[in-house]
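Listed next: structures, encoded as structure tokens.
Okay, so chain A shows up in both of these, paired with chain B first and chain C after.
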Partner chain A sequence: MTNDLVEFATDSEVLFLIGTNTSECHPIIAMQMLRGIERGAKMIVIDPKETDMAKKADIYIQTPVGYNIPLLNAMINHIIKEDLFDKEFVNNYSNGLEYVKYAVADFTPQRVEKETGIPASLVIEAAEMYAKAGAAAICYTMGMTQFIDGTSNIFSLSNLAILTGNLGKKGAGVNPLRGQNNVQGACDMGALPNVTSAGLVTDAGVREHIKSIWGTEISSKPGFTLTQVPHKIEEGKVKFLYVFGENPVMSDPWTEHFIEAVEKLDIMVVQDIFLTETAQKADVVLPAASWGEKDGTFLNTSRRVAYVSKAVEPAAGVVPDWKVICNIAQRIGLKGFDYYKAEEIWDEVRKINPKFFGGLSYARIIKENGISWPCPDETHPGTPVLYEDKKSMLPDGKFKLVPVIYADDKKDRASLEKKLIDHLNIPSDYPVGSGALSEKVNELYPCLFTTGRKVYHYHTGTMTRECKPLEMGADIMGPAIEVSIDIAEARDLEENCYAVVENKRGKIAAKVKINPDLRHGTIFTTFHYAEADGNELSNAEDTDPLSGMNPLKMTIAAIRRISEEEFIKVREETDMHMHPSEQYRTVRR
Partner chain B sequence: MEKFQTTCPYCGTGCNIDLLVKNNKIVKAEPTKGHHVNDGELCLKGLYGWEYVHSPRRLTKPLIRKKDGQFSKEGELVEVDFDEAYDFVASKMKTTVEKHGSDSIMGFSSARCTNEDNYAFQKLFRMQGTNNIDHCARL
Partner chain C sequence: MSLPKRVNKFVVADPNVCIGCATCMAACYESSHKRGKLAVPRLIVTRSKSGTMPNQCRQCDDAPCANVCPVGALRFADDNIELFEEICIGCKMCTLACPFGAIRAEAEIMPSVNYAMEPKYNLAIESEIGAKSIAVKCDLCAGDDNGPACVQVCPTGALLFIDSQNIDYKLINQKAEGAVESFVNTALRTI
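Up next is the complex of A and B:
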């Protein structure tokens, strides 16, 4: 996030929520937002589901799943046309206004109304409320990023913020609400195929700096992304996969495809605290200490480095993940893994990236209850608000307004982008974005299918399903398939009847919940339960051309009512592929 | 009873929790009063999401897939001691790199684990000449 989440309570005049179910997934951030609303802030919510936050919003726009760029472009169009943009900010601190002006020209609020039925007046009202605020904060989650145009969705959001000068001040900004405790940290520590903890792998200066600390030259070639891995295994390029602290069998798209791929590996090593669905398919399983049994640091969504304290001793022989990794590294014969405690690793991170972390000793992090990077030295107070000097992190210090266009057919994206580049003479190093739907509903699969979380559970349920108050509190029946009213009516689905949802990739069976909050034609389920994991159906074939992301938040599916007998049959099949060995079928669930 | 102030392991909000510990067991979680992020409040997961730490289903011993006492893809996972597991992983990682090149190994790091865990993991891969490392930020 560019800003500190507490500013939603204290400073934001408008909260612009898109693709986030904040009260279910980030309840304490929702609390800070509601404090802001009590103070007098206004709220705009854009989502296919009329969430609790949507019900509390001043403006709610119910979009079809995946329909973001035409809507955001229409808002930008209106803001430019009505001269509501921040000319001082745009002229002095940004590039690309002319590009964006051209790209949004065809997108009007009236076009949105024609395509979706969303009233043009509502789009205009939202655009004006956002643009006229002194400080407006954009907040989003995977409901914006997990599409084949996720990167372009975020270009559109940053365009809105740059145009209206909503950067570098309290209560404003572009704020991804991070879904996992240490996503920010995993990225900042360099657990990415193209980025190290000091910068890009393609940057010779970065590699030289790392060599000065590690004593080894790192590769300049970006690695494979997680979403490429099943294909790389099938091509025989990846032979050895080491997974720690995640459960990709359940969290990755198209379960069956992922399972088939990992079976072709020479070796799969899984390091975890439980025998997860992924661990059950591994060749080697390594236990490690969990949260509560080790110390270290997390980085929250506001880039705040916070201390994690050891509270209890793990079982005999079980050590923190970093120690397991060092044990292996030392046996391979690698140098530089003789850390005695977590703090020594952190002190190396501070040397690798002194600009961000130089001033953040363990002692200071603990004493000050967390500090946001950049914090280059011990006297620096940390940086809860990025860009206060109105300078971006790009070489020329300017913010880039990125033209984003839209293709009716995903196959035309590249050619339309090229046409735009040629027409406007856009330099080759200037980014251009485009949107399109990964799949369109058809006769065979007439429903839009999306996934999300419930407040009681977390991700693939590895931890929360082992906590009685959460597992029992959520719903004793486990997963549910939520359907919009029109889907229920057309298919004679009643509350709590059994149904199967399927598409070409897979199927899941569960009880039906009719949810009037869903936009018509939409099915929703979670990915918390191995018994009925929404990712069995998710699209693993299409990717965002810039990030490699799969469209996990959108696919197409069919649904029909089934008997209890068929329900049990589908559940047994699911159990067999999630928990393949009889030895483990009763270990979990 | 001892009290340890820590950061919640669930979403990215970073709420602070006071864990109350008795006889090496967490017995209660309370929101840290007056903390900048959560200001004395916690959600359901923050309050009740710690029980898994003491679950009887926790892994405590390494496992290797074996048939008739030997490593085999067709075998079942059997308990081994820590040295055997670490030696086995290290030798397989080393021989895979020697035989198929640095880019034949791949690591999925964890957005659930600490900065220190993640840093050590990417260093393990990069020191062996590959950038094949990613994590579930995308998912």
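Up next is the complex of A and C:
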């Protein structure tokens, strides 16, 4: 996030929510937003599902799943055409206005109306509300990123913010609401295939700097992305998999494919606090202390580093994750893994990236109850609002407006991008984005299928499904297939009847919930429940060309009603197929 | 002789403040479990077309459920409608009579069940494994000195615990003032 989440309550004049179900997935952030609305802020919500936030919004636009770029481009088009953009900011602090102008020329609010039925007036109203606000915050989550054009979706959002000058001021900015309390931290620590906590591994200067601290050369080759792993296992390029704090059997797309792939591994090690679905497939399972049993820091969505101290002692013989990894490294014979406590590791991080973390000593973080990076020295107050000096982090200090185009067929994306680059003479190091749908509905699979969370559970339920008040108290519904009204009517589905959803990758069976909040032709299900995990159907073949992300939020599927006997049969079959060796059952299964 | 002022205590939510996080349901489960009652939530976060809020027993002063209960399991108490779980026969008459959908028949799950087949979501009306279902409704956390658990845990303060002492200032006064103001400001001027 470029800004701090508390600013939604205190400073934002317009909240622009797209692809986020904030009140269910980020209740605390939603609370700050509601405080803002009470103060008089306006809210725009764009989502295929009429979420609780959408019901409280001033403008709600119900888009088809994956229809983001044409809509955002139409809004940008209107803002440019009506001269609503911040000329001072655009001229002085950004590049690429003429590229974007050209790229959005074909996208009009009228085109959106023609293609989707969303009234052009509504698109115009939203664009004007956003552009005319003093401080407007864009908030988005996986409903923007988990597509084959996820990166380009975010290019479009940053275009909106740059054009309207909504950067570097309180209550504005581009704000990805991170799904976990430490996603931002994990990325900042270099838990990505191409970065270290000091920068890209492909950068010789970064490698040199790390060598000066670690004393060893690091590889200049980026690793595989998470989404590549099952394919690389099949190709024989990955033979050893070490999973910790993650449950990819449920969270990765196309479960069946993933399960078959991991069978081919030489060895799989899983380190977790519970015996997850993935741990049940592992050759070695290592226990670890849970978050309440260890000291350390979390780095949240506002880039705020906060200290957490253990509440209870872990069970005898169980140590924190970092210690487990250090123990393994020492057995291998690697040097430098002789930390005594978490603080030493953090101090090393501060040395590796002094620009961001230099001033964040444990003593200061504890005393000031959390500080946002960048914080280069002990006297620096931290930076809750990025870019207040209107300088980007790019070498020339300017913000880039990225032209984003849209292809009707995903195969045409590269050639359309090339055409645009040639036509406008765009330099080769300047980014260009493009969008397309990963799959289109057809006769065999006539429904759009999307996944998401419910408020009761967290991700794959590793922790929350072990918690009785959540599993049996809050979540009385259990796994359900949510369908829009038209799907239910066309297929004679009733509330609480059983249904099976299938596509070429798999099938899941669960009870039906008819949800009038869903856009027509849409099926929604969660990935919390091993017995009916939406990711069994997710698309694992297509990826975003820039980030490698799979379109987890979008695939196509068919649905039909089944009897109770059939339901039990499907459940037993998939359960046996997916978890053949499973002996372990707890409260949640 | 004067009649005692008698308004039943009740818990109610403000849908404008509720974010639908269901923490109240988790707390309700925990409280009922702790107090030795049937361990199921007594308030249900209900998501409707127009908004979201938890729905629970309104403790009606002339409660249809207590009027209709054939065995006297639901009774009029001093300031609420009491439920005696042990004598409930699970006839569901109260479910039919309740105008708010706030009372339902439930049973606790058995530890021996294979949950993969999810019978726990099946127990509401009749049980495959013979667990007797009984009426479940908000009992205002009777027995807990701190009052209703849901009100205590609500992160946004959407849940209110109303009794005859605070009903005026929590629910009535502000709206009454608003009504008078709007009458003075608009209705009177246009006459």
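Keep this in mind: the second predicted complex is superposed on the first by the 578 of 589 C-alpha atoms of A that agree within 3 Å, B and C clash if a C-alpha of one lies under 4 Å from a C-alpha of the other, contacts with A are read in each partner's own complex, and residues count from 1 in each chain.
As a convention for this text, a contact is a pair of C-beta atoms (placed from the backbone, for glycine too) under 8 Å apart; a residue touches a chain by one contact, two chains touch by 3 or more.
Source: prediction; values computed, not measured.
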Would you sort A:D52 into first (chain B), second (chain C), both or neither based on which partner it touches?
second
Dominant toucher of chain A (residue count), chain B or chain C:
B
First (chain B), second (chain C), both or neither: which does A:K511 touch?
second
With the two complexes superposed on chain A, say which partner A:G190 touches: chain B (first), chain C (second), both, or neither.
first
Contacts of A:H209 with chain B and chain C, given as first, second, both or neither
neither
Just chain B (first), just chain C (second), both, or neither: which does A:M472 touch?
second
Of the partners chain B and chain C, which touch A:E531 in the superposed model: first, second, both, neither?
second
Could you look at A:V455 and tell me whether it touches chain B, chain C, both or neither (first, second, both, neither)?
both
After superposition on the shared chain, which partner residues are touched by A:K310: those of chain B (first), chain C (second), both, or neither?
first
Give one of first, second, both or neither to describe whether A:P27 is in contact with chain B, with chain C, with both, or with none.
both
Dual-contact residues of chain A (chain B, chain C) 27-28, 31, 455-456, 467-470, 473, 587-588
Partner chain A, residues of chain C touching it in the complex:
16-17, 19-23, 25-30, 33, 39-41, 44-45, 47, 49-52, 109, 114-118, 120-121, 155-156
Chain B residues within the chain A interface of the complex:
2, 4-16, 19, 21, 24-26, 35-38, 41-46, 48-53, 55, 57-65, 71, 73, 76-77, 82, 85-94, 96, 100, 102-139
Which of the residues in chain A end up touching chain C in this complex?
23-24, 27-28, 30-31, 34, 52, 55-56, 455-456, 467-470, 472-479, 511, 516-517, 531, 568, 571, 575, 585, 587-589
